[in-house]
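Below is one structure, written out as structure tokens; comments come after it.
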Amino acid sequence: MKLITAIIKPFRLDDVRNALSEVGVNGMTVTEVKGFGRQRGHTELYRGAEYVVDFLPKSKVEVAVSDELVERVIEAITAAARTGKVGDGKIFVTDLHQSLRIRTGETGDNAL
Amino acid sequence: MKLITAIIKPFRLDDVRNALSEVGVNGMTVTEVKGFGRQRGHTELYRGAEYVVDFLPKSKVEVAVSDELVERVIEAITAAARTGKVGDGKIFVTDLHQSLRIRTGETGDNAL
Amino acid sequence: MKLITAIIKPFRLDDVRNALSEVGVNGMTVTEVKGFGRQRGHTELYRGAEYVVDFLPKSKVEVAVSDELVERVIEAITAAARTGKVGDGKIFVTDLHQSLRIRTGETGDNAL
Amino acid sequence: MINSGDTAWLLVATALVLFMTLPGLALFYGGLVRSRNVLSVLMQCFAIAAVVSLLWMVVGYSLVFTDGGAAQAWTGGLSKAFLAGITVESITGTVPESVFAMFQLTFAIITPALIVGAFAERMRFAAMLLFSTLWLLLVYVPVAHWVWGGGWLAQMKFLDFAGGSVVHINAGVAALVAALVIGKRRGFPSQAMTPHNLPAAVTGAGMLWVGWFGFNAGSALAANGSAGMAMLVTHVAAAAGCVAWMAQEWLRFGKPSVLGIVTGMVAGLGTITPASGFVGPGGALAIGLLAGTVCFWATQFIKRRLAIDDSLDVFPVHGVGGIMGTLLTGVFGAAALGGIGHPDGRTIAAQLGVQLIGTVATIVWAGGMTWLLLKVTALVCDLRVTAEEENEGLDLVLHEERGYNITS
Amino acid sequence: MINSGDTAWLLVATALVLFMTLPGLALFYGGLVRSRNVLSVLMQCFAIAAVVSLLWMVVGYSLVFTDGGAAQAWTGGLSKAFLAGITVESITGTVPESVFAMFQLTFAIITPALIVGAFAERMRFAAMLLFSTLWLLLVYVPVAHWVWGGGWLAQMKFLDFAGGSVVHINAGVAALVAALVIGKRRGFPSQAMTPHNLPAAVTGAGMLWVGWFGFNAGSALAANGSAGMAMLVTHVAAAAGCVAWMAQEWLRFGKPSVLGIVTGMVAGLGTITPASGFVGPGGALAIGLLAGTVCFWATQFIKRRLAIDDSLDVFPVHGVGGIMGTLLTGVFGAAALGGIGHPDGRTIAAQLGVQLIGTVATIVWAGGMTWLLLKVTALVCDLRVTAEEENEGLDLVLHEERGYNITS
Amino acid sequence: MINSGDTAWLLVATALVLFMTLPGLALFYGGLVRSRNVLSVLMQCFAIAAVVSLLWMVVGYSLVFTDGGAAQAWTGGLSKAFLAGITVESITGTVPESVFAMFQLTFAIITPALIVGAFAERMRFAAMLLFSTLWLLLVYVPVAHWVWGGGWLAQMKFLDFAGGSVVHINAGVAALVAALVIGKRRGFPSQAMTPHNLPAAVTGAGMLWVGWFGFNAGSALAANGSAGMAMLVTHVAAAAGCVAWMAQEWLRFGKPSVLGIVTGMVAGLGTITPASGFVGPGGALAIGLLAGTVCFWATQFIKRRLAIDDSLDVFPVHGVGGIMGTLLTGVFGAAALGGIGHPDGRTIAAQLGVQLIGTVATIVWAGGMTWLLLKVTALVCDLRVTAEEENEGLDLVLHEERGYNITS
């Protein structure tokens, strides 16, 4: 099993969720995060005091999937999240040692 | 060392924290997240416009533990977080390559 | 590649970001989290009802880096985040199986 | 004849008292509950305002303020049901009767709205609505008639300038009974139930202070020296209540809190209410300092000792304050103590006796009837939501809305 | 001669109506949009208040309220441009002319501010400012003159006590046209666009209720029985609107909502506005119940059936309410139905005819001119932001500010 | 004799001015600080309101408004300490003395509350309380006596209708000195210190606008043409201040902001304050436009150039506005420029001289005494929290409360 973590632009979240459903992923966990990267932040002005805000709002999508799904999921996320502009985000994949569904105690792929 | 990540129902957080204390875990990090899964979301109605909100509030609990504690921690979380209803959440376990306590520079199990 | 996760005191975030820039890290993702640990929480009083709040606000900084940068990044974070008081936080390192830049499709170290 | 100055003031006082409930009290209460129940509290305040207004029009005003004939000691009559006969020309004192009826209505709105604080975060909306309707008709209306409509307490020259008994004791006692009948919130008192938005609560508190000028100084029903003095003593008592509560917290906990200071303010305001047309600035200072101190300790006692979940402390603040203020009216209203002097040249002891009778009568009636009406309501529908619904929050469960959707 | 009571009331009524816009309407609207656009809405309300005030001083007041000579049926004159000749001594009726001009100004402020709800979350600020300026001068000012400044509708004895046509039909129709011309928000109606801060919206709604007393009872221009009755009927209609909308939601969706109840309140208030000086409490009850019911269904129809993105439902609430209220004034104003009686002893049918003419005239003028002025504005600058800017939110894109920065 | 209309208006004006502080100013300031300090600001405003009220009762009112005998030029007497002798019958002009005393009290409350903006986010609560007490008695009270209580400036016919010197210069200069003595917030100016809740700040600003009608038009102490004109010119100056500041931002930064427009409004209101009973609409327009422009540049200069951490810009807005308005009163008050004419037929130059004397005197006294009183306070307790406490936030450290606990 793998844990796929995607940092995406927030307004793409609905598209990503739909894309994931289409490849058969039924669960995911989303966190609102602030991202720092190549994408330029914006300026804020308060009574003339100018602040450059480098951190931009991003959504972090975490999906645990079985190994065979990994490629399809990455493709689905990439397609749905891409706008072609800087700041589209990243996908990170880590190994999942174990997984468990709290309600039933099921483990492994059955837990997802 | 392992990093144990549990996605649970928010109102079970206090129970989970207590259960973890009992098995000797003294630290954890909690994030408010939104979960999408089998549990049905709720409907919201604004002047008759009906929105189905699929994302439900969940708490993500992250605990870094030494290898020998893993089983006990999983059991403790499972017992404390289970309501038996759909949406109780998941536990994911990943390998922890290294850990470090910023204050002292201690590493490994000592850092936890 | 490694994913370095640091739990730090929120008011040190700017220092950490600067320190990371100096060692050549150009991207990171930050989440506001609540931490439970050795650091004593505070008391809150509402019309005499006393609540001990064990969860303290922390910032979680996630940085994906190539293997050769790991040590330098850990050192940079440690130096920038340390106040010497309890609650300075932790650094966790996990293996990164894969990484991808959504915009370009680049993978591996190039995606970071 | 209509006096345009008095009318101007009463029009404004009416607006100010409505402002106390909407949005004042709604914000004050709404800010103090957890975020998943904020809308339920706002909804209760709005629905009470709407429903009570219609009830007032239909029978309430008439039952309080018209002559009840043989039963006048106990209740008014129905001759002005549906506000029959109130036209552009109708006059009460020196103001249009329409304005008088509206001004009084705003008191009828805020009284049941105050009770909301007792059962916040768990009562079902339908039950709340039924209970509030019954309570208005069977508790507020009769007591208001006794005190202000020429009923038996008025005949005894029981003094209640702006609602110490009619509003505050009534609501406070009802709150205590409701808290007991409906029961504690899940997790009370072990689990932290912190206010979700104190700035909102403090904003509401500020509105209450300002609106209370309409409440008390408006009760003079004229723009004259009595109204002026009522405003002055109201303000002094509020300030003294703030300072006293703050001092208690500072002494006892080492730190004063903003929730504390505004609660002291409300205590001062509630306590001066019955006395506001009768006492002088010195009396107001004493009343305010007592209010802040006694209500502070009452809150500690009810919440921490007795562990009664009167969630937003309605009884220790409004009930205790109302009782204390109604009694102290008999003291500081005396000319010797800077007041305007008791009716018929009564001594302090004599007036205190009357004040005690009115206080006890209100406590007994409000307490007994509230209990009864909740039991009746429980026959018709569940009083509270299920444990699971309480976890999820009333906003979603009862209203399918969420209070906040703030993203950065 | 100046009557101090009337003056006191009108000074306050002016403050109350300004309060309806700032912060009332600003909060009401601001709470209903998504958090990334909240400041843009507040900014629009503030900027409209400021710019309209200056326009009013420069020509607006004069064009509405002075004699237009030969063109008097259509427009006033320029003799009081820059408020020329208004001194400390100038009097209108029983109040200083300065107060009369200020009171009327607050109506001129809120009317274009109401329209903001139609194009919220997408219109450019510069375009909004230009459009509002043109609209004030070419829609609000002439219609106000026709109805209140001695123009052709006033000459027909068309009845509009406090702005059913001048304010609500005008703004409602303009909103509908603006929504159509400017187009839907990206994602409407498939994507959820939930209010970001309902407690703020409800707070604003409470302020609207209170402020509306100044709006309607202030329109009596005196502190007398007419003002009193206007306040009473205003309140009854608001309460009835609340109850009716709540009932509709309860029946249709199984759950009443706080956004629903406050929308019903606004519907009740908007609908009673033209009638408020003419009808009795019974008429107000009928009007309020109708308002809550009809505006509820109008909202469903416009938003769900027609899928028009009049974002904050300005037309179905203010437009439909204004039309209904203007017509019902011809009904419930009749003495037989508890009103003060129609002018010149007219029958209901006769007055209804006049009311219909005024209603249609306002709809046609406001509709046609709004369309034209938006097209003119579009020649000067873009009406809406780009798709990408819409994603990012107007607050950052147009004002370089963010609404909230709340950390725990 | 009491005039009921004047009394009605002054009762309301009193409520409006209290409303400016609670919740108006509290929200305005509270929204502008970081969320971890929001409660500390609200607490400061409430505590000042409470403590000043008691001080006013004890000696303040008497020291300002009674005759000081031989020392009358410099201070009033103690004959009305504890409001001795003020009864239901006491009259000042045409209103009850109780109302006059209350109205004046609300000015004494808001003045020290304004200073809070200068040392927000770092001053200790206890030090703030002690300093405000001393400041009220030794700065506000004497200056108010000089100008309004028959003191030396009044004898010179120095003109300050509603507090340009007594309120705005006083508070503004004190703010500047306090900012310098107490020092910058940690991280200023390099670190971003963004307002945590601009909608709250804008709400407070709206309340300030509305409440200011009570401030300025109430200062006529009657519901007459002078009050009416004061309201009109106040409003025009506010609107002009908005437009001018917005224009500056648009020109200089390319985008107008909502914080900018409301700051322009406050600048316009502060600047018109001393002039509000003396000038006409044209003068108000000029004053408002100047206010928005000059205060904008003053803010840039103080904050960016001098890098003084007067955190919420009290001096550049209130101080600079107050100075400018006090001087311009000597100009636009002239009959030739649409004003009511200077006392004793003085020329503009002559009156300007008097205005200058009053302005300088206030600056010197407020500046010097504020410095002294802060030094005295520092002997008793620490003026500011430690660096670590500043990081944690004043809400938790000083009050053991948190502002928000909003979960989704």
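Think of it as A, B, C, D, E and F in the order they're written, each chain with its own count starting at 1.
Simple rule for what comes next: contacts are C-beta pairs under 8 Å (C-beta built on N, C-alpha and C of every residue); 3 or more make two chains touch, one makes a residue touch a chain.
What you are looking at is a predicted structure, and each value in this text was computed from that prediction instead of being measured.
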Mutual neighbours - chains that touch chain B and chain F alike: A, C, D, E
Pair with more cross-chain C-beta pairs in contact, given A-D and B-E: B-E
Inter-centroid spacing, chain E versus chain C (mean Cα positions, whole Å): 51
Between chain E and chain A, distance of the C-alpha-averaged centres to the nearest whole Å: 45
Centre-of-Cα separation between chain E and chain D, whole angstrom: 33
Chain C residues counted as touching two or more neighbouring chains: 31-32, 34, 44-46, 94-95
Multi-partner residues of chain D (each touching 2 or more other chains): 3-6, 8-9, 12, 194-195, 197, 223, 253, 255, 257, 259, 400-408
Contact graph of the chains (line, ring, star, complete, other): complete
Sites on chain D touched by chain B in the complex: 191, 391, 396, 400-402
Footprint of chain E on chain D - complex, ascending: 2-9, 11-12, 14-15, 18-19, 21-24, 26-27, 30, 38-39, 42-43, 46-47, 49-51, 53-54, 57, 82-83, 86-91, 95-99, 101-102, 105, 125, 197, 200, 223, 398-408
Sites on chain F touched by chain A in the complex: 189, 192-195, 249, 253, 255, 257, 259-260, 263, 296, 299-300, 303-304, 313
Chain F-touching residues of chain A, taken from the complex the two chains share: 44-49, 51, 53
Residue numbers on chain E that touch chain C, as the complex places them: 407-408
